[in-house]
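Notes to accompany the following structure.
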């Protein structure tokens, strides 16, 4: 097998530590819940450490693909194990690491069927990491499905509200997405005539005709777009988020939805740039509808997690809008927003998780006045909600700013529509904050404890990340730019 | 318009009519009896079309053996008394539609095919000729068919055997 | 990023001035939440250093030829570059000093006012955040940075207005403030993008230079000016986004003082000052601004005529004074607006702080009740209050007289006399409503047929008396300082005008000084005070205002011209029950419905097909038959 | 001596075939289904005999011979199975035979 490794295979190490966690947990007996959680924490911490290392070890001045690992696997079909890091996937890898680690810590209090939960959880995250780092179409598809199928048991067993319905809906939606992706990938494979699934080779200009690109792009866009919550294929996401247990919601909204957007970027836009240019108008339309639609529907929700779910729809609309602009800033903003939204949603779900574990309700009407009872837990939520409104100084502001700016430049009317959603999103977030955390304390919950320090760790990490990238956006943007500038400049005119 | 032509049409009408009555009869015994007439008609038609041996076999095997076997079974299990359910609409409507389509298609094909207007001339293949032909050309098939009949007999025996009593001899 | 800059003392001072409050915010939030004394000390300490730096900067650059600009790279994305830095010119230096002074005094005052509140650490943290945001806004060199801090100012005022979050009205008011200003911000953001698209960057100095006018067509220029003015409308609570400001008094009184004088609402006018040349290039936008300013000024004055809540009166007066500033600026008199902003900051802070003492002592906001409980017995606050009200009314020789006079002179230069007449009428109303509460508190009438509910007032009075003596002077000193400022600021007009005029701003007119205007102003102010005296002050007065004698008018004013009803209706009916409900239904019925329909269809199809798998021979026969027919068709055609 | 055009024989066979198929497909009685199959076989036989005359070949008639044999076999086995099934379920309705489901 011909191999190519540039130094120590850090990317594979991430996958291996995930899989190692998976197998160790499988081997441990069910009763040793404590050990299982520690194994989970250590392995996920290792992935986070590796992701952070990669993020800072990446040579920004050189750019391009780094940490390349390539092994021929099935040469006759041109399938290879091909991982690499660039400016687009490193932020996402970092995000996955953060959300994964904090997700494990958030589920620290889980008591039922701990072993199965963490095993499935690790499997899901393996798929996520694999997808982000893979540069081979075949593996992208495989990882996509690996990350999806544990969702069903995770939601259906450990979920809460209408869990079977939510799990079923989510799984069916996402499988429908993969049913669109697979033919598109095979179509590209066959049409290229190169007998390879290698994205780098397939993305050479002139590989596909304009017609082929248009056809494949729309399939890939819709297929991955379903996972990214593109309007009108978004209804799985609130339902799924509500039903899922908190740690899963975190990964789900924080990372899994990014997979969709990342897939659109990595597969659809990389391979079919002309298709992208052709369909960009449609993308922008759907995205801006999604932005305003998400907040308006969220306005009427009565369940805390539904609210977050719809805000995700809106924020992912911003990502989609950024991807549709065909400008450097739009792409930067989109990738930045992927990262920022991931962290922010993870924080939202994490704090809601804490509150739900104590009060056993997510109905906004039944909560109220929580700020008095648990100021710290409320504080986490409020910070995340502020981030959701795009308050400066918090990470998602920059993503929104860049996206809206370039959207306004490219599509003035749709951009204006999306910008006007800013006001509504404030209304919607503040309404939730007011009803849940302000007002007189509910006597039912007066005796509840605030977040102790040990349980606050994951939330603190997330807040720190939000603030860090809110104040120093260049940390992330410089990284993204190493990928976005060559990509945009390389587009056929 | 020869006598043979008249004969053919008379036979054709007779066959179709009796078959039609047979398949719509609710009483099974009547249906079988009508079908026997249909087969007699077919036998005559075979004779008309120059196959006397086959005509004889038709009468003996079809009208004689097979139909009698039917009657025998029907009477054995007292089937006349059983109410037959009307088939549902979803069942016979497609059947009728397909039938009509099929007939229409057949008619079109028959009339557009080049050789369909070819007039049939009377001729006769004597039983001797047919017998010789069969045993010269198709002796292996004859053997296979005989084997098939044997297998069928054994199979029928096996199926008809009553488990609890250890089996009764079935004709 | 500050390393090579440290040698520059100016820059160091600017960095210190703006950054220290942020540090104190972070430290308080993260570490000293449970130690109120340390938190307060940290916050005040940071603020005092900021104050010193601000004053140092003002002193250092009292004579400057051209604006100083420092910028460091903050963010680069494609062609968009967002620098972070400082722009120091007379406009920003003066405002920085004003914010620092008032912020510092209010923080001292809060020591007394907030004593005993469980959330005092949080209070000081938010205060620091607020002041940081405002001071950074003031020195922002680009519209981007300004917008960022503009949003942060909105956020921190949201947090402070809703500080007592257990009170429904407080959290509601905070929300309202944030959302209404956000609505304006959306317009401002659009305007900003419009400029960015044509100019390529958002440096304030470049926007103010005539180069921009050359690059944009007049219509686009007007459009972007109007959009940015939308942001000002929201922030400075002008018509039609004015109703959040009166509600914002639900926060602690020092917060209101800060909010109304030098930070939140001042930010809007400050932006106008900042972009004054830019607005000046589009006469249509200027006229529109004049119209909005006048309208808000008059509307707010009428509302102030009838309300009984002392803080609400001052809140309306803020709106009307902001209206004056915007009128002055829109009339082209740049210095008049800036000067009125400065003097207003002093006397409005004073007014609120005085009322704060009264409210703190008597635990009520109602002016009649304050009078009845003996508001006149608090000598220092009442005296200061009178001075401030006099400044508000424009009585000579207080500061408000000079600044308002400047605005009137600017308006007199306009060809259309309508604006001047409106402004003079407003001046009369101002004097009237400023002294109405003063007289009511000073000369209480016993049981004038007002059925007041005396619920738990006596106990609360004891409670407040317990700690008031020690805190009284903590609150008193800032009052006296501010009263002094109110008294003398007017005489600083000439040096300030010289200072502000140093960096040549385009479009500033030479202002004439018609003498009759001065007299008219004095006569109207005195007339307004006199009318208030006639109705509320003299011994046999009924203490019923002339507006209250006309029920319809009274109702209209008390209901704030039904603006709130309109917004309530709009948010509730149109957005919440209209669009939002429609979309929710769409989600449930159409999208989910069709998806569920598909799944149900699949299940039904499966059931249909499963009929064929009943083990029923006839269906198979039928299928064979059908397939045969189809095959026949296929082969023959 | 002419009898009829060849097409008419084929039409007759086709009509009979359709009748048989109809019988086999729609009647809710196993015996009638087998009967329908018999009719179809018979129709095929007529077509064969006609073709044999048309081309003067004995091959067609030979086929009919085999068809007869197969028909006899089929009826023997089929009827035995009917009896068997009747003993199992007590019904001749094909819809009742869904034990494999």
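By written order: A, B, C and D. Residues from 1 in each chain.
In the analysis below, a residue touches a chain if its C-beta (ideal position, glycine included) is under 8 Å from a C-beta of that chain, and two chains touch if they have at least 3 such contacts.
In this text, all values refer to a predicted model and were calculated from it rather than measured experimentally.
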item: Neighbouring chains common to chain A and chain B, by label; value: C
item: Closest chain to global C-alpha mean, per-chain Cα centroids; value: A
item: Furthest chain, CA centroid comparison against chain C; value: B
item: Chain centre separation in whole Å, for chain C relative to chain B (CA means); value: 100
item: Centroid distance [mean C-alpha coordinates] between chain C and chain A, Å; value: 37
item: Averaged-CA centre spacing for the pair chain D and chain A, given as whole angstrom; value: 65
item: Geometric centre distance via CA averages, chain D-chain C, whole Å; value: 95
item: Multi-partner residues of chain C (at least 2 other chains); value: 618, 622, 625
item: Multi-partner residues of chain D (each touching 2 or more other chains); value: 21, 25-26, 28, 95
item: Set of chain A residues in contact with two or more other chains; value: none
item: Pairs of chains satisfying the touch condition; value: A-C, B-C, B-D, C-D
item: Chain B residues touching chain C - in the complex, by the definition given at the top; value: 87, 91, 94-95, 98, 101-102, 105, 108-109
item: Complex contact set, residues of chain B against chain D; value: 2, 4-5, 8-9, 12, 15-16, 19-20, 22-23, 28, 31-32, 35, 38-39, 42, 45-46, 48-51, 53-54, 57-58, 61-62, 65-66, 69-70, 73-74, 76-77, 79, 82, 84-87, 91-92, 95-96, 98-99, 102-103, 106-107, 110-111, 113, 115-123, 125, 129-130, 133-134, 137-138, 141, 145, 148-149, 151-153, 155-157, 159-160, 162, 170
item: Chain D residues touching chain B - in the complex, by the definition given at the top; value: 1-12, 14-16, 18-23, 25-29, 31-32, 34-36, 38-39, 42, 45-46, 49-50, 52-54, 56, 58, 61-62, 64-66, 68-77, 79-84, 86-87, 91-93, 95
item: Interface residues, chain A side, partner chain C - complex; value: 169, 172-173, 232, 234-235, 293, 296-297, 299-301, 327-329, 332-333, 369, 371-372, 386, 391-393, 397-398, 402, 404-406, 408-409, 415-416, 419-420, 422-424, 426-427, 430-431, 434, 437-441, 473-474, 477-478, 481, 484-485, 488
item: Contacting residues of chain C [partner chain D, same complex]; value: 613-618, 621-622, 625
